[in-house]
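Here it is: the structure, laid out below.
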């Protein structure tokens, strides 16, 4: 039996991508081999000549980086999914905050910290900083941050109640039983959150393009939506 | 009684059994290689506890299995010259000599350096000493610790006759002038005949 | 190589964290090494396994366990807060704790190896010279175990300087408190094109531990003296 | 604890990767330890620093360097591919390479400590008994260094079983090829609510290295025999 | 000539200088502790290279600084009984004895066990031997290595008179029957007078 295409995908898409791969395999295709890591690590592996078929990045910048290196098959880059940014609080100390200009987020934090991903390096952090700045409250929390290396570590801090508030993706908040959504950031407060997909020039697997198209098709998109991803 | 020994011990598969009393002066332990001489010194020094028995030195009971007495080695004040030297490799000769220094030492530091002829070795590491030099330092270290009794395990082997003579004289002086009980192991018949007041055969 | 003020503060913090971690762990590790080398007791294997734990499970898991135990809501975290007024969350103290735990197995093993090599007959000789246990330990056992202690310090310090996963999971990335060299390096690695920054920071790390290496070799030589051979 | 087939395959892969890593690194590490313990040569400090490198820089950096050197486009990667037909990208061989490199400093230090403790006079005695250098090495030096070799093996194996950062950065997370225990743990940690899976996998890791620990202690005891004291 | 020695060496700050020729038989090195006796044996054995000089044993040049000759220790076939024993701690007595075994050994394994009285020790670890037992094993190990000459550094110290007597007899037999050159260090005048054909004072 032929091996399925090798798909390098951002760690945050694990469950959704697995479900999509199962659905694709159920249509009598070889199941794609999914490899999850940080988008940065995956992009570096691609640049070093890794023989993979598809790349799903949580981050446009890293997809751009790979594209600039000429490693994407022309015309195969597309936005696969979107996401929303939410403010979460521990389920054991729930909190509701109306997300609006000048919201009293600093007061809500009290002596605690705001957990979010690093705005310099992690996409979720970038969007979060932009959103807070657009709402005019960035300066009030700028020295009250606990920065994570990915969304997951941010989530853990809130789950454990070590941080009273955190900024994560809607998909993450939805998957965790230990946090509640305190509010959702308006889509206009930050650049749209998009997960681009593309086929790599190194791709040799004949099914790679089929799986890519499946992910972008209605059935594929429905699966992603089940895990909380929005249409791009 | 200098030494009043009643020892029952098993080491490996060899039983060591000794009943002996010895009066003042120097007591020689005589016996073939492997008879248990070093083992007995170890028990008197407090390094090894006998399985059963009683050890009394100069009237003081250091060990008594029936009375659950076992004075720690550090409080027995034995001046033990080991068969295998045991200089501290991480200290220079001076520090080795002074390690156990005690106010009651029968001889001054200078006197000991002098009769052992080790004054020129003070700044050396033990690893650079010749066999005889190391042995003399070992003797000096034991004497400087202010012992109440001496345990000497072939202290003069690997020394030249002149040095041997000098050290024998000092040992004699210590037992005579200081009335120090001495347990002495040697295979040299002449040495034993000259020095020993009592002989315990093993 | 001229450091920017930000780099300086990262270096200073890293040094502070690593030195405190290794300094605090030193007596603990030595005690554990001594116990494992010299004693037989029921549950010894368990202690041995616990000591190796931070090596065996991935650092993020160790960080996660630290969060559960030493977080503001964790049992030990509460204890330390109440008894000593020391809190770990988002503080450099937490980074030091994580580093110390990660360094522990390396320090213990090296020290244990040296302790097992001590010639017990020398300790006996010291006893007959009137030294009570404390003095025997300080003047004979400890110096004879010195090579292992130094090796443990070097390994522990190097590990501390490089510790990332447990730290970021436990106390997150807070500039000036927990942003040590590896955390800064990791952030930079996640940004496309930040390879120069990564390299600079990595070179600084290497220089720091080179210094530790040189210091330890010098110390070993000084302490080594004539110890290369045992005699008679 | 009954393992699922997937867990079994992860355990088998982890064992394969760790055993190959430690096995291949053993002679290399011993040679390095010997060199550092016994020789003086210009650049010795450099070698010493290089050996410690994987400890000092965060694992992701080591993974990145491995990618640059051993990736499909890396100079050493090309060499291995052409000379031996061995490729590392997305393969278990890459995971083993990463583990071996990460284990190296621990193995070298432990072995070096033991080599430095060998009584050279015993090697001389063997020479006078007619043993040429090779035999002296095999029958005297090597067995006398055994405690350090065993300690190095335990440390190296434990480190391998726990190695995550360098592996995922170098060869990503490919089920059946590079998804070792820690990578599976990391994946599970990325999914909110997968704490049970994380715990199961962590416990398996611990049991594996407990087994290694027990084996090494037994070996040490057998080999130890009457060696506790040097005599005469 | 058994031994033809011309040695100039500096160890630490002590110069060792020797010019000596000795004919067949047993040559005793005599000198006070620290004179350099062990150092000279080390140089003849090939463990230490003299700074300058020439070492010839039984007509074979083992070392010659001017001709850049330095036969490795492993090829000199010296039967060296060290002053400090040096049994291999990780091998049992049997393995220690057999370590250097060589077809040319002047005495059979059984004969050596017998006259050294170490047959019952074969399965023991060196750490469990008494001082004299270890010394006898060391002698046995050297004799079993099929030596062409013997270097004996106080081989009989710490042995009891009976054992001493037996071993002396064997040494005499080896030098007589096998014409084996022997370099012998001892402080015991009686021993030297009995055994030595030549004496080199240091």
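Which chain is which? They are A, B, C, D and E, in the order written, and residues in each are numbered from 1.
Heads up, the rule we're going with is that a contact is a pair of C-beta atoms (placed from the backbone, for glycine too) under 8 Å apart; a residue touches a chain by one contact, two chains touch by 3 or more.
What you see is a predicted model, and the numbers here were worked out from it, not measured in a lab.
Participant: Smallest number of touch links from subunit B to reach subunit C?
Facilitator: Graph distance in the chain contact network comes out at 1.
Participant: Going by the contact rule set out at the top, which chains touch both subunit A and subunit D?
Facilitator: Chains that touch both subunit A and subunit D, as defined above, are C.
Participant: Which chain has its C-alpha centroid at the greatest distance from the C-alpha centroid of subunit E?
Facilitator: Max centre-to-centre separation from subunit E belongs to A.
Participant: Measuring centre to centre, with centres taken as mean CA positions, what chain is farthest from subunit B?
Facilitator: In terms of C-alpha centroids, the chain at the greatest distance from subunit B is A.
Participant: Would you mind checking which pair of chains has the most C-beta pairs in contact?
Facilitator: Top-ranked chain pair by contacting C-beta pairs: C-D.
Participant: Take the average of all CA coordinates in subunit A, do the same for subunit C, and state the distance between these two points in whole angstrom.
Facilitator: 36
Participant: Distance from the CA centroid of subunit D to that of subunit E, rounded to the nearest Å?
Facilitator: 44
Participant: Roughly how many whole angstrom separate the Cα centroids of subunit A and subunit B?
Facilitator: Spacing between the chain centres: roughly 79 Å.
Participant: I'd like the Å distance between the centres of subunit B and subunit E, where a centre is the mean of that chain's Cα atoms.
Facilitator: Taking the average C-alpha coordinate of subunit B and of subunit E, the gap between them is 29 Å.
Participant: Among the residues of subunit E, pick out those that touch two or more other chains and give their numbers.
Facilitator: Expected reply: 83-84, 124, 128, 131, 135.
Participant: Among the residues of subunit D, pick out those that touch two or more other chains and give their numbers.
Facilitator: Each of 60, 64, 121, 189, 228-232 in subunit D touches at least two other chains.
Participant: Give me the residue numbers in subunit A that touch at least two other chains, ranges are fine.
Facilitator: Answer for subunit A, listing residues that touch two or more other chains: there are none.
Participant: Sort out for me which residues of subunit A touch subunit C in the complex.
Facilitator: Interface residues on subunit A, with respect to subunit C: 38, 40, 43, 61-62, 64-65, 113, 115, 118, 120-122, 145-149, 153-154, 156-157, 160-162.
Participant: Can you list the residues on subunit C that touch subunit A in the complex?
Facilitator: 60, 64, 67-68, 71-73, 89-90, 168-169, 171-175, 183, 186-194
Participant: If you look only at subunit A, which of its residues touch subunit D in the complex?
Facilitator: That would be residues 6, 8, 11-12, 14-15, 33-37, 41-42, 44-45, 48-52, 150, 152, 155, 159, 172, 175-178 of subunit A.
Participant: In the complex of these two chains, what residues of subunit E are touching subunit B?
Facilitator: Within the complex, subunit E touches subunit B at residues 12, 31-34, 37-38, 83-84, 124, 128, 130-133, 135-136, 153-154, 157-164, 187-189.
Participant: Inside the complex, what are the residues of subunit B that reach subunit C?
Facilitator: 45-47, 72-78, 80, 82, 84-90, 92, 99-100, 102, 124-129, 131, 134-135, 138, 141-142, 145-146
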